[in-house]
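Below, chain A partners chain B and then partners chain C, in two separate complexes.
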Partner chain A sequence: MKRDMLFEFGRTLVAIGLALLLGFIITYLVSENPGEAFSTFLLGPLSSVRRFSTFIETVIPLIFTGLAVSIVFQASQFNIGAEGQFFFGAVAATFVGVALDLPPVIHVLVALLAAAVAGGFAGYIPGILKARWDASELVSSLMLNYVFLRLGLYIINYHLRDPNAGAMVSYPLKETAWLPQFLPPTRLHWGLALAVLAIIFCYYFLYRTRWGYALRMTGLNLSFSGYSGINTASVIVYSQIVGGAIAGLGGASELLGIYRRFQWQMLPGYGFDGIIIAILARNNPLLVPVAALFLGYLRTGADIMARMTDVTSEMVAVIQAIMILLVTAQAFLAGVRHRMVVRGAKAHAKLD
Partner chain B sequence: MDFILEMRGITKVYPNGVLANDRVDFAVRPGEIHALVGENGAGKTTLMKVLFGLERPDEGEVLLKGRSVSITSPHVAISHGIGMVHQHFMLVPSLTVAENVVLGVEPRRGLFFDWRKAVETTAELAEKYNLPVNPKARVQDIPVGMRQKVEILKALLRGAEVLVLDEPTAVLTPQETVELFDALRNLKDRGHTIIFISHKLREVKAITDRVTVLRGGKVMGTVNTSDVTEAEISRMMVGRDVMLKVEKNPVSPGQVVLQVEDLRLLSDEGKEVLKGVSFEVRQGEILGVAGVEGNGQRELVEIITGLRPANGGSVRVVGEDVTNAAPSAIRRRRVAHIPEDRMTHGVAAAASIEENLISDRFDKPAYNRGLLIDARKVKGTAAELMTQFNIRAKSAKTQVRMLSGGNIQKVVVAREFSSEPRLIIANQPTRGIDVGATEFIHRKLLQSCEEGAAVLLISADLNEVMSLSDRLVVMYDGQIVAHFPDARAVTEEELGLYMLGVKRQESGDGEKVS
Partner chain C sequence: MQNLIEIIFSVSFGYAVLRVMTPILFAALGAVVSDQAGVINIGLEGMMLTSAFTGVVVSAYTESAWLGLAAGVVAATLMALLMGYFSLKLKTDIILAGIAMNLLASGGTVFLLYVIAHDKGVSSSLASKVLPQLELPIIKDIPVLGAILSNHNVLTYIALLSVIVVYYFLYRTPLGLRLRAVGENAHAAESVGVGVHRVQFIALAISGMLAGFGGAHLSMGYVSWFSRDMTAGRGFIGLAAEALGGRTPFGTLVASLFFGFADALSNYLQSLRVPSEFVQMIPYLATVLGLAIYAQRQRAKKALLSKKG
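Right after this comes the complex of A and B.
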């Protein structure tokens, strides 16, 4: 067990190392001053308080979508829909933030609740389609992203749009609905605490409750779960609902914490990042923040590099791709692992 | 040339850390029938997979006719004259016998497949080796015994000099076994070498020249079959004397616990899989279901346990109708189920022993405190069951996939038997596990019965059904074709005739099978 985890950890490090090395080679080929570009990339996020806080801000939504995807993945269901759920959650929060008049705290809570319900609803659809009609959740959750994008934009542009703003944005959120920023002048907001709560919730939900147990068993072996008396259809549905709700919360946290109006006209991409994070974190909620920090760091570093040097931030996409490729390639370093296993088995045999 | 085939110092470790072969030396003389015996998990199949290029050894070498060869794939093995007949046949059911035999080495006429030539070739080969088959029949329509002949012909057509048969009699009736042995002797006379994997010692005694015994991945020795008794081989396999007979007290059955009436099932293709099956099982008795696999037993069990809906008929547990109910509803009526395939239904291999032991009860109030699962209670239950059922593992947190087959089956049995069952459906409860675990499971089964459970026992192992059951029925072609009120009064041969469909009891009133 320990050996397995250690090996996986080492393997991930090697993958990251190789990906960074490749990133450096690319930088070297395209840049006038590769050393400076790459060190800006690697150290940029640590070079000032503002940059560091930007890095942490970037991480918050990634944690939410990483958790959302992990939960659904643990049930062995695909989830490409976190994107739309995140977006739709933000729309729901905007609606509450703009259209309702509520006292401080309560207003935020209602907005978050609305976002969770909206995200959960967006997750419910692929779940029920799969459970009831065996429709591939891979396809349906992907397609629903566009449905929820358009539905959300319809709500924003036709019902909540501020005609005086001079851009396609909503009316400003009422101040009572803001998630307060707690460390001015940075934009760090209470969404961070919410993210930490979400991590703890997901961990307990998955590993300490009967619903989480049923979800994991269904994910590990569907036939076994059905045989044991677990209602696997309902597990599939609620895994998607819980995942959707968390993604929706993430959307609300981002919107209420950072923005003062709804201003996305496209999918912001956090849902797809959630997939990367879930893969890096092996669907373990406790590793999700680690993976999110890592990815957020790369992103922030790449942004700074793009602004300060002649290398564009797209390079990080290449690094990301290589990393995922190596981490998910089961056979990568399998030889090393097998030699470890052989040595272990022989040592064990001698003991008998 | 002393040996046609020699395997020297073969070591194979599986990715889960199991040392399946530990410096195994194995040598076969030309023209002999050589038995490879050992308990399940002893490493027989692994050794043969290495020989056939399905697994790469971590150490060791293979010599064919004295020359070292590197067998990297089944393709290479075949080109060296090694043929293998797997436990599970690798045939295409929708193709004819002839098409299966020539698959991959098809005769051609121009651009086209020469069907007539294929049929001719197959017929000639069948004649030559005395393995009668109908070349034009579709594989899906022929009985298991004939499918096996097709597999053997396939290997022979590809020039197999050394033929490996992996537990060939496991799926055969006694009569088919006799036929197979005749064919094997004939092959031997024609100069072929046969490696015969089995753990049925009577058969080993009957047909082989020499025996190599494996235990725990190591060779225990190679002996001339005529020099040893069955008991001696068995001792080499297990390392101690085995009680082959089951002690059983006579029972006085109580109320009817399971009542199955006129159960019918159509397959997706519209074939009748169950054609009106009726029987009942009473408290305190074991009803054995004998039969060659694939005659509807699996479907029968799946319907009773709620894993598959029936097209007609009814299932009652203590009078309550549970036909087509959900597994959870059936389990609530205290029905336990030892599934046929433990890795598919019995366990979640990647989950811990502890997690596997609570899969049927994790949502019960006793295992929960408020919103959370009561970890201490789970731990306690797991520790208790592991001791009681002698599950050998480092800890309750060990993943089930790290365990041996016998221990995995004990995890399943521990869970199912500890659910205070009124009815136990045991489908192949000891398939593929070692003698020690088998004995243990048999004892537990009898114990549950004495404590008042009703047991429905389905097994392809005649020895098992005959020695454990109080009453016996035989399933053939989706029907119950025979009922023996006293399982002890039946002979294997007689059962075999019913299993083959040669004989059947005319039930008429249905009384005989209740």
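Right after this comes the complex of A and C.
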């Protein structure tokens, strides 16, 4: 068991190393000054307080969608829907923030609740379709992204749109609905605390409650869990609902903490980021922040590199793609693992 | 309402439906071939984008739209093979491999666009070529129908022909039979000597090739430039059309027409101040419903079989 974890850890490091190496080769090929470009990329986020705080801001939504995807993945269900759930959660929070008049704190809580319900609802649909009709949650969650994108845009563009703003954006949220920024002049906001709470909740939920136990068992072996009396259909549904609610909260946190008026006209891509993070974190809620910090660091570094040097930030997408491919490639470095197992077995045999 | 009916039955609307449908149909046929072999190709989106980009660049440098098309199709096919290498040889989960391909294409094309054209948005500084439109003899003289069917980009006709080719390939050739057998039950196919991985590699390559045609249509037919993320989810819509069309070539054609119809309609509705969001939502909702009905029928069939057995 320990050897397996060590191997997985090592393999992840090798994969990350190879991806970064490739990033360096690409930089070397296109840049006038590759050394400077690459060191800006690797060290940029640490070079000033403002950049460091931008880096932490970037990490917050990544934690939410990373957790959302991890929970659903742990039930061995697919989830491409975090994208739409995140978006729809932000729409719900906007609605509460613009249309309702509530006292301070309560306003924020109601907005967050609305976002969690909206996201949970968006997750419920692929869950129930899978549990009741055996319809692939992969395809349905993918399609529902577009449904919730359009539905959300309809709500924003036809009911909450600010006609005095130059662009297609909603009215600004009422100040009572803001998640306060606690360290001006940075934009760090209380969504960070919310993200930490979400991590603790997910860990507790998965490893300390019977629902989490049933969820993990269903993920390990659906038929076995079914025979041993776990209601796997309901597990599938609630894993998607919990995942959706967390993704929805993530959308609300971004909106109430940073943007404060709705301005997306397309899906912002955090759902797919969540998949990358869940993969790197092996679906473990406690590792999600580590993976999110790593990914957020790469993103921020790439943005700084794009501003300061002649290499564009999209290089990081290539690095991410290679990381996904290598980290999840079960046969990658399988030879090393095989030798480790053989050596372990031999040592064991000698002891006997 | 009167306006709406006038629009739907107008000639230019019929023409627009076919035009909008073309890239979706290519992607959807690509999805049919790979899915029938039991490999889900989520990377269609990225393969289309790669082809759209490669086509523009190569056609600008060679001054030939056809070479651009060929290069685009080859690039998309290579990408499919790369995905196959990771998912079949190195055992990366195929869906994650597809997502990686999409990321790679989305970032990689913008990155290269900046290197080549010093622009991160569009390729307008490259003098790329456009594939020709085709006048159909005889058909073009038929009233109404001629105006709808004739004078499309050559790729629209290739797309329609591909429906028949894919049908013939899947249901009338030995390789097609093996491909479907692998998708139906890989172990059974293997036990009678079918090289499962080889067949799946071929299926992915064909799937990538079809996506390549679709991507080329976007940048060298639909418009005459490349812009970042210009596929705008059409690869995913292709997957939807394939699911809605019940994984068959002709069903997929009907579903693609339906998606094209809704898309074209929403463009027109915007001018009538009707919320186009709802119209654009319909195909996706229909897919989800279709998926549920299809899955339900499959399950009923299975239950029936196990009773008989």
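In the analysis below, the second predicted complex is superposed on the first by the 352 of 352 C-alpha atoms of A that agree within 3 Å, B and C clash if a C-alpha of one lies under 4 Å from a C-alpha of the other, contacts with A are read in each partner's own complex, and residues count from 1 in each chain.
Criterion: contacts are C-beta pairs under 8 Å (C-beta built on N, C-alpha and C of every residue); 3 or more make two chains touch, one makes a residue touch a chain.
Source: prediction; values computed, not measured.
Contact with neither chain B nor chain C is seen for A:F9 once the two complexes are overlaid on the shared chain. Of the two partner chains placed by the overlay, only chain B lies in contact with A:Y204; chain C stays clear of it. When the two complexes are overlaid on their common chain A, residue A:H338 makes contact with chain B while staying clear of chain C. When the two structures are aligned on the shared chain, A:M315 is found in touch with chain C, with no touch to chain B.
Taking chain A as the reference, the larger set of touched residues comes from C, when chain B and chain C are compared. Once chain A of one complex is fitted onto chain A of the other, the partner contacts of A:I230 are limited to chain B, with no touch recorded for chain C. Shared-chain residue A:Y28: touches no atom of chain B or chain C. Once the two complexes are laid over each other on the shared chain, residue contacts for A:F182 go to neither chain B nor chain C. The residues of chain A shared by its contacts with chain B and with chain C come to none at all. In the complex of the two chains, the chain B residues touching chain A come out as 11, 13-19, 22, 58, 305, 307, 326-328, 330-332, 337, 339, 344-351, 355, 358-360, 362-363, 367-368, 371-373, 375, 397-399. Contact residues on chain C toward chain A in their complex (touch as defined above): 40, 86, 89-93, 95-97, 99-104, 106-108, 110-111, 114-115, 120, 233, 236, 239-240, 243, 275, 277-278, 280-281, 284-285, 287-288, 291-292, 294-296, 298-299. Put simply, chain A touches chain B in their complex at residues 1, 204, 208-210, 213-214, 216-217, 220-221, 223-231, 337-338, 341-342, 344-346, 348-349.
The part of chain A that touches chain C in the complex is made up of residues 26, 30, 78, 125, 129, 133-136, 138-140, 142-144, 146-147, 150-151, 153-154, 157-158, 272, 275, 279, 312, 314-318, 320-322, 324-325, 328-332.
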